[in-house]
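Take this structure first; my questions come after.
For reference, chains read A, B, C, D, E, F, G and H in written order, and residue numbers begin at 1 within each chain.
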């Protein structure tokens, strides 16, 4: 119930001011359910444009199923759960059989109501084969969020011609997610070649002085080509969320 | 001259293949001028959507004026130079009198041809008064790039009601740039309240364990609210560039 | 035996000065037992207000049982052992059957003499479900120490209304322990909303640039809202100890 | 105007629901003034127990005076401004002549209405002479906040007997603020000797591997004696705020 | 097909300019094959002097075999795959039986066409027995690349006479690869004794403050003896690649 | 053969100068044996006062036995091997049955010729039970090296009276090795109480912001009590070596 | 007055037990003077073997003179003050004219009673000319403390023969202090060549990845030659203190 | 005097063996001069292929002139001194008037005997105008060392076509020194395009998360294109030394 409606009832005498004050103060609660171990946020889609996503790391399979069931019970058709192991999926699947698992992306998705994809195109570009799991997390998430998404993998700067050959794809994209580990140079090179927003995802691919992705993270933050927004190391999910927000913006226009 | 034109001349016999090959290989040169100390990139606007911007740190005033004059000679009407001290501006201004200086932002701008602002609205939100210089770098840059930009300053989370009172502005924006130092919590809070893309700029405001902006940078990279793209510490300019790319995207639709 | 008593005996001639000097110098020993691998500190409660707590990491199960038995033999009724695995508890339990295990908190507790809880209320607030183990370490410890403690979990800033809906609880608390990983913004937000002492516990929840809790730690140390004391990463126990010291203070008045 | 009053007017027909909704949404504004460069938070005392404090670093003297005048105009009698240089004070003093300057603490204070000090005692203990400026920031702030505060300086662990000689003072305190640079061992030693809450302030005193206070900060976070809350490096102000919150708690009982 | 040939066809009328433009733009593709998970770079030898090497970490055995088969199908006789476990080799070997495994070096090599070794001598010197795996990665790679390579192991500076006794070997070398963990002092000492290029490889050998090789890395970057090029921690492969490039240079003269 | 002897032979005409030059240059070899994977340094005792010690980490059991046998064959009676697992010892023991294993210290020792202990007393003091393995590495090594060594364990500063009660032992020692993790404060406190050289060993005991021993390491390097030499994290062995060198010095006088 | 004397008076009835208890508790005070800003520790020499040394950084000249005068008034003949600027010395000298200044070492010394030097020899060895200020701090301090000290400067490992030529000096020393910046390799090399205790002082000499001395510090902590104790970066004073403690030990024998 | 000559004299009876032993042990001294503050290494050219270079940072102008004069007196014609300020040069120049100063490179050079340049070509490529001082340090040093050197400046990856247009120069070089700050991507891109050894020099150009060159340093160490040797941040001199060693190698063949 909206604030304006509560007030109308107060004016019409259908509602006591004290009760209304309580109602207004309590207006938030219907927006979530408190499961004890989790307070499921049912208002998130209307507030931020995307429903709550379950981050599985550090949660028990029972908790994950509990949250999913709660969301289903509140009318959420499509649910995304990231950082899920195969074991977690097996447990979830026994409870919710139409859940799907995207193994390299480590994502569980429930899609009961599919929507047409909307443009502009989101391109997920990754530097090497070892970066594919993170790129897939981004691609699967963007797809789940209704984006028209495409992946171009293993086009790192050590073989620049592989990238330049895809210049048409790069320039035709609306948003580009660049996924790279090691020295992360791909983000700068792509941003220097294209006019669209670039979202950079450093990965933990590498060893030694890559320091679990710090080298790539710093490189991306210091990109000499501007217009690059960086997300956390290995955070393919977050990059896709940001891309989706950008795509939404064009849709809203 | 476009590639297709070169080839047409080859077919018509007006051009020798070997000469054409050289021409094609040399196709890039017209896109820049080599001043010895700088190779000015005149192709950048067509390639990335924004003309080259001069990063003044580490350049002599003479070099800056040299680059500006070269750009002017090649038909660039509007020029932006960031990280410029008052001394640098004084020198520039004696050479190019219609250059302007935005002191808190440390930006020199030359605007000989102004364009109408285009939407959606870019909002620059900063946490504290001490963050204003970085916020201004973002605001002035976005304005220069033709964005419809607005600043809301000193609404950090220590006084949450100050921020909540601006919820209407936040929700009405197309892109929000959040500028914050210290613990950088404002980015997460804003991203949790709005559906639009959020660009986070950590600042070096703080002392001790803020480590020159690292605390805010890490906080923003780890935002529990997703959809946040992060730029370098104190990089108001880069945030505005990314915002402008996003705005462009909606315009292109 | 107190120093003043020793001296009285010297004056009365019941004690030789040399023997007394030895006694005084040796006055500390009765306050501990040396087990070779551990010097159990029996004076700690009188000195610091809380009995010695066993930190299990790096100790063998035999050592842990040895220390517990020594404490029991010296009259300690209630014993707390933190960072204990299930395997450790199984061993302890076979030796001391009335020991209890709090699995998520990884705490072993022996409570042979329970005391009434004392106020004011200690509130343990955590940001996400994955932070619960650390929050439980704090809650179980505070409860063991006789505090009136309550937990409010999964109210992170990504869904601010979940937190604001608990404003009454927050403002009614005497001490608030805020447990958060990732960007740790919850501590600043809570401290900005309440007048009571806030103890912040960063957790190692997160990945990539959370660096095992460093991001949250730095955020909490740089909180723009003042009045926040920070403890070590994942140190729910230490936060509860500090909260209990604060509660004791109000009791002493 | 309280929410309940607004609603009463709606019910009585004195207020239109739409106007009331606006009023309610706008309920926050009276709690602050927007000066453009600063949004002064006049609600902070009622919300967090202490009025807004001005952090001078990164603010111009004009901005500082502007904020102080705004606070005065809203009825604030006592104002604290930290991290203020002598130059800043000279400017402030010419505008507000009854402002005082505490040089070692780098604090400007305006105290137009003094209140009786309230207990329990807050003790500020520092390790060395070079730590005195930070200790003084804590002492002056606590005093300003109405605490009964005492300083004991230069009692670091290199000469343990100097500290042990003050055991009576330590044990008689309600809250102890320990200020130490270099290896910061004083916090652990004090916490091991006393039953009261200990607030540890690492300082940037030292050189080389003290890394501007990191060594002391880490030591304090890892204190083997529990019950220690840590604040940012050199943050004497924050320690005093936390101490004052704790003291308030005992007063409220 | 070379650019000049395309243009010749355009001139002769055998090719339409538009089609030619496409061809030219597409000229890169023949230089690689896109396997979906990998874009194999067949141009690398001609471009950089060494064929593509497979970095096995983060790739599935199936992907590795797929890449190897693609390379074989394109005429590559000799293939190197680094960071390969015994399990990976077992899988590869069942598919490509003449592949060899160098266990300490963790390298899989396929050598169907051997070439004579070329000078000058590449010397691989390591500080301790624990550094041998990295040294072997360098030695096996250099050998695979056709270098005349020799290993001298366990001659760290703790027993300087062991190194000095090999002064003749050191001074006779063309390139020296120095492999050392712990404090990495061997690189400085060798560079101070010889006139040839020194390539330093820090290793992760050590514990505590060696921080996984950072201590050795920093030491090598700060070598007081100049003429030292450093590669990533444990990167024996990269050192050998650089050595081979240097050796090639002398051959080309 | 000594240099002087070689030269005598040259003078007597028994030796050709060129051959002699070779002999002199080769004079080092007799001081070591090259096993391929290890160059065993038989000159170390005469050069540095202690025979070579085998660091087992990163070496295969076969290599360890090979080195031990080589040392035995060259007349070394007593051999120390550190960082050895139980599995390594089992292998060694099957080859060299009189080898002994010190489990907590992870040391293998072969002692075929025991020597009388020499003073002054080396004291190994550790802060907590979890530090005992490192303390034992120091104690066993010092004992192996012939020192008169004594251990005092679990006397950390959280219970200062436990330490003060041992003041007699502390003041009677010639060298004190202080082993501590967490905040490492014990080193400063001990150094402030005694006049003898203090060797500090930070341990990796702790969690969170102890960063694997960095907190203790920094604390010890920044000790406000001077006269403290620090060794690597967990390096009980190195501390004992240094202590033994110091003890040797007094013996030589 | 000694404890035993107090007790004797109690027994003889000359002293009331309560007064005696107070006396005993207060027994420490005579060992220091509280100047408000400093608690001068007059017991340090008897406790730790060396009188208190004044660390001038962060102290005002007035405070330094105050401490010196207090020490003089309590009978201290020789006083050392480190990290003193020329300006500080000028002030001190006007108050205490027989104070001396050692400019490169930045040390003020007052020596009213000189003592004969005692052996064994302390050798201060530094790697480069830029390390001399730190080496001088060590040499002047050791000399002040009565050591027979000698400096050998600029013998870094880039020119190993310069060091080897001084092998006689190295082997004749009792304690060697090695001072080196950049990669700090000199400590390992010296420790590998000599049997005596080596104290390593990393310096902040260098740039870039020397990180203000961290590179040298880590190298020294990870020395492959054992028997090296490390002090803080640029801490020549601390190295000399440790050396003096070691020398004292041989004297006591 | 060479060893073989000494021995010949021993054999001929012209020399006593004991005296000869002393001579041999002392054979090093003639290779250097000890100025007290510096031990000038006159053997360095014969040992490492390049004469000693003076690192001016941390040396007084008097020391620098002293070292130069000593080198001149020992017959060194050409002297290089790096990291020299204008003030230092002014002092040097008054003493040695034919010394030259290269201002951007901060190098003082004395060239009394010039030699013909030798190939292959050394190319110094830098990313931006702000990197020029470091690039110039490399170029001037390489030129001083007799290399045929060329500079290509401001061709960073943000405008890739500027670099690709110089592909001919890149592929024609023998050694390429890549100088880049910010994200340092240029090194990977160049190494992926050319077959020659690449020496990467990270610079401290940038701000915020460039951390004084760490971002570029890490990127270069993690280059996905292999064959890259990295030197210290801003170490143009070291890169040129390594390049010269490589060029020497081709000359020696």
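The rule is simple: contacts are C-beta pairs under 8 Å (C-beta built on N, C-alpha and C of every residue); 3 or more make two chains touch, one makes a residue touch a chain.
The shown structure was predicted, so the numbers you read here are calculated from the model rather than taken from an experiment.
Chains that touch both subunit A and subunit D: B, C.
Note on connectivity: the fewest chain-to-chain touch steps from subunit C to subunit G number 1.
The chain with its Cα centre farthest from the Cα centre of subunit F is B.
Put simply, subunit D has to spin 90° for its C-alpha atoms to lie on subunit G, with the angle rounded to a multiple of 5. The chain pair from C-G, C-F or D-G that repeats the A-D interface, sharing more than half of its contact pairs by residue number, is C-G.
Averaged Cα coordinates give subunit B a centre that lies 40 Å from the centre of subunit E. Between the CA-based centres of subunit D and subunit F the separation comes to 50 Å, rounded to the whole angstrom. Rounded to whole angstrom, the centroid-to-centroid distance between subunit B and subunit D, based on C-alpha atoms, equals 38 Å. Touching two or more other chains at once are residues 25, 128, 158-159, 191-193, 208-210, 214, 217, 221-222, 225-226, 232-233 of subunit E.
Across the whole structure, chains are in contact as follows: A-B, A-C, A-D, A-E, A-H, B-C, B-D, B-E, B-H, C-D, C-F, C-G, D-F, D-G, E-F, E-G, E-H, F-G, F-H, G-H. Chain contact summary for the complex, subunit A toward subunit D: residues 3-4, 7-8, 10-11, 13, 15-18, 20-21, 24-25.
Within the complex formed with subunit A, the subunit C residues making contact are 128-132, 153-155, 158-159, 161-162, 164-165, 205, 207-210. Within the complex, the subunit D residues that touch subunit B are 25-26, 28-29, 31-32, 34, 36-39, 41, 43-44, 52, 55, 57-59, 63, 83, 202, 204, 212-214, 217, 232-235.
Against subunit C, in their complex, subunit B makes its touches with residues 127-128, 156-160, 182-185, 187-189, 191-193, 206, 208-211, 214-216, 218-226. The residues of subunit C lying in touch with subunit D in their complex are 47-50, 53, 120, 174-175, 191-199, 217, 221-223, 225-233, 237-238, 241-242, 244-246, 248-250, 252-253.
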